[in-house]
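Which chain is which? They are A, B and C, in the order written, and residues in each are numbered from 1.
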Amino acid sequence: MNHHPAAWGQPLTAHQQFDMYSTNPMGMSAPRSAHSHGPVQNTQWPLVTGTSVIGIKYEGGVMLAADNLASYGSLARFRDIERLHALGTHTILGVAGDMSDFQYLKKELDGLLREEETLTLTDAHPPLSPNNLYTFLANLFYARRNKINPLWNACLVGGWDFKKDESFLGYVDLLGTTYTAPTLATGFGAHIAQPLLREAYEAKAGVDLEGRPGADGRLLTAEEAEAVIDDCMKVLYYRDARSINKYQVARVTKDGVSISESKSSETEWMYAEGLRGYGGQTQ
Amino acid sequence: MALFAASAQQEAVAAPIQHRFDPYEDNGGTILSIAGADFSVIAGDTRQSQGYNIQTRYARKVWQLTDKVVLATNGFAADGANFVKKVKQRLEWYENAHQKQMSIKSIARMIQTMLYAKRFFPYYVYNILGGIEEDGTGAVYSFDPVGSYEREACRAAGAAQSLIQPFLDNQIYFRNQTFPADQPKPIPGNLPLGTVLGLVIDSFTSATERHIEVGDGLEMYVVMAKGRAVDDLTSKGALPEGVVVEELGPLGEGGGERTFLVRRTLKRD
Amino acid sequence: MFRNSYDSDNTTFSPQGKLHQVEYALEAVKQGSAAIGLRSKTHAVLLTLKRSTGELATYQKKLIRIDDHVGIAIAGLTSDARVLSNSMRQQAMQSRMLYGRPIPVARIVQTIADKAQNNTQIYGRRPYGVGFLVIGEDETGPHLYEFSPSGTAFEYYAHSIGARSQSAKTYLEKNFESFETSDLPALINHGLSALADTLQQDKHLTTLNTSIAIIGPASAEIEQASSGAARRGYFRVWENDDIDGLLRSWRRSRGEPEDGPQEETAAEAEVAAAGEEAAAAAPAPVAETEQAAGGDDVEMQ
């Protein structure tokens, strides 16, 4: 639903009426225009999709998490997909949106890194940094949107920046829109997880003008960061119908990338008898 | 008639499948520039948003281009960032070829050309260019997304344009102000720096109160003409509490115009 | 006209295993005036001897900025240098745009070396008639490379190309072991000494014929503090009035008169005397007479 004031009082758009529960693309065929041999049609919507990716900076590193589901509309189609992908030794890519575009991205980036590695063998120059890879991705996404043939994804890039001796965390999406912040989340996570992440981060670090920790603010420890990440993934599983209770957490520190085994949140689905608003009590 | 109505209805149901890719987005925020006699202020907030989501609390919208020119962009952030990148490329080639930086007048014309070149797939960006003219006067040039431009004494653009521009019309252009018979209406573009910075800060704090897409941080670039005293910016107590001033060193040969970055926080709610 | 029948075709080996056109291209480099390059742990510098075609002409620039972190000195055909330096600028900018990374110096040098090599293998083309000294700084520190029309690119501690560069090489070879730990003023003094060795008899380094490029942190004692490039340690060129101080301190370090050799020749003194009457009519000599040091070919610099 679109909650922007501009949409208040307006009838639902045709698409929202048609597919209010996002079952698209199930039971649908390609849009049939009057001219079936019309102009070139590029990607109009994502097909097999991954939901939110979330990320947070912590003391000495950055942490990303994404679940293992790739949906086909409302069908939980693939249940063991890995959406966190290491790029070289100190960068991690987390991808939401179209999974075939993600596979293309992986192929493209891995090829780039292989090429870079061969050059490094001759000149010993350090490899592409997280920031370099992020800039490349932003250019790739923006170039594709300029061709009206987008890669239908929203990505988080996390990494360790040796030049600044701090972690890196950035967002880029199908429009080529980019931004960095100490906590980030894509899609549904931007509504559900981002407030939780910001609250946890700012409670300890505070925030100054440049979105960096305040003067005397310290970052969360790895344990604290993982706790809030786990909490976010649980809430997302409770509230996001396109999620699954099986996710991975990746960390990047000075020492490199590590991606965890898949794990699950402890959930509680009993009737909420004692909870105000759900049980038998009237007040 | 009934047949016609039925088919029209079916059309309405069939149409919704057209779920097309929209290559644009509005990332909110506001920019503002005011010219003085021998300085120019170019400002923008640092919030980047999409609908109700704050994407980041710090994304810059104001960019130093040369020792006397600063550009502010607003609208679709990806277009803005990539447009600035292209402008900077062109400026670097110009400098390589001519061994000098491009003047503000020429940059303004170049920006028009670059915007109009994409007339049929425009950069969804409102640009405001501020700086020092060749004759040493403060200048502001404002653009629409397809390249129409003019030189002005002040301009606000972006989410809170409709809130700020009327205020500037009143305070900078003295619109709807009456002056006594013996006191002529002042000429716009000659206010002292302290007054101008006060207006900029008030504009942004007010816009932050009344517009959800404005806030978080404020960056004001101040470009000073060659030889101008800067104590009205740098001396103790010249600026209100909580405002931080930093001089940005020259990009070129130096020794002429000076650019300062003045920051303060805005409310984050 | 032809030296032998393997001359005209660039891509055919002579029985001695040589590509004659490539060898001639290397000669073109030697006809250009000298360029010196040297580096320390922290800096890389280029020094060049500029030529002018006459008193009414300016001195032709030999130092070209490629990017903030890369610059070149040229010896040979200026027009070929322009084409190649443009290609380097494009490469450098592409790296900045695509990855947000200053291009690693070894890689930008390799791209033009590959271009030059290409010319030696395609029928109907000619090699570039210009050689470069390339200085640059990247994440692996400061570098100095030589690019040559034969398609090679080698890295050096110190090197010289162009007319009479062998004399400079002799100086550099004798002294290079101290360069590594030299500070910027000392490095430049070494460079100027090497450059002076390439001069013809009776010629001297002057503010008009000498130019210096630096990459690395600025040195307050010898550089213009206001320059944005110097403050950031980027590639910057000093010449004309800006190197007067550098030349003076170099002469001082050698125990020579700081003002340099007074070159006012008898002819000039006469002009000066006569000039008082004719001042209104005749244009005064533009500059000290530092004429072409090697050949007089206009496009060889």
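Please note the rule applied: a contact is a pair of C-beta atoms (placed from the backbone, for glycine too) under 8 Å apart; a residue touches a chain by one contact, two chains touch by 3 or more.
Bear in mind the structure is a predicted one, so any value in this text is a computation, not a measurement.
> Report back the single chain whose CA centre is most distant from the CA centre of subunit B.
With centres defined by C-alpha atoms, farthest from subunit B sits C.
> With respect to inter-chain C-beta contacts, which pair, A-B or B-C, contains the greater number?
A-B is joined by more C-beta pairs in contact.
> Distance-wise, how many Å sit between the C-alpha centres of subunit A and subunit C, to the nearest whole number?
51
> Averaging only over C-alpha atoms, locate the centres of subunit A and subunit B and give their separation in whole Å.
31
> With chain centres defined as C-alpha means, what is the inter-centre distance between subunit B and subunit C in Å?
Roughly 43 Å separates the two chain centres.
> When you check subunit C against every other chain, which residues touch at least two of them?
97
> Could you pull out which subunit C residues touch subunit B in their complex?
65, 89, 93, 97, 224, 226-228, 231-232
> List the residues on subunit B that touch subunit C in their complex, please.
Residues of subunit B touching subunit C: 67, 85, 89, 92-93, 96, 249-255.
> Which residues of subunit A touch subunit C in their complex?
119, 122-126, 128-129, 131-133, 135-136, 139, 163
> Give the list of subunit B residues in touch with subunit A in this complex.
12-21, 23-25, 27, 46, 48, 50-53, 55-59, 76-78, 81-82, 121, 217, 263-265, 268
> Using the touch rule from the top, collect the residues of subunit C that touch subunit A in their complex.
It comes out as residues 97-101, 104, 106-107, 138-140.
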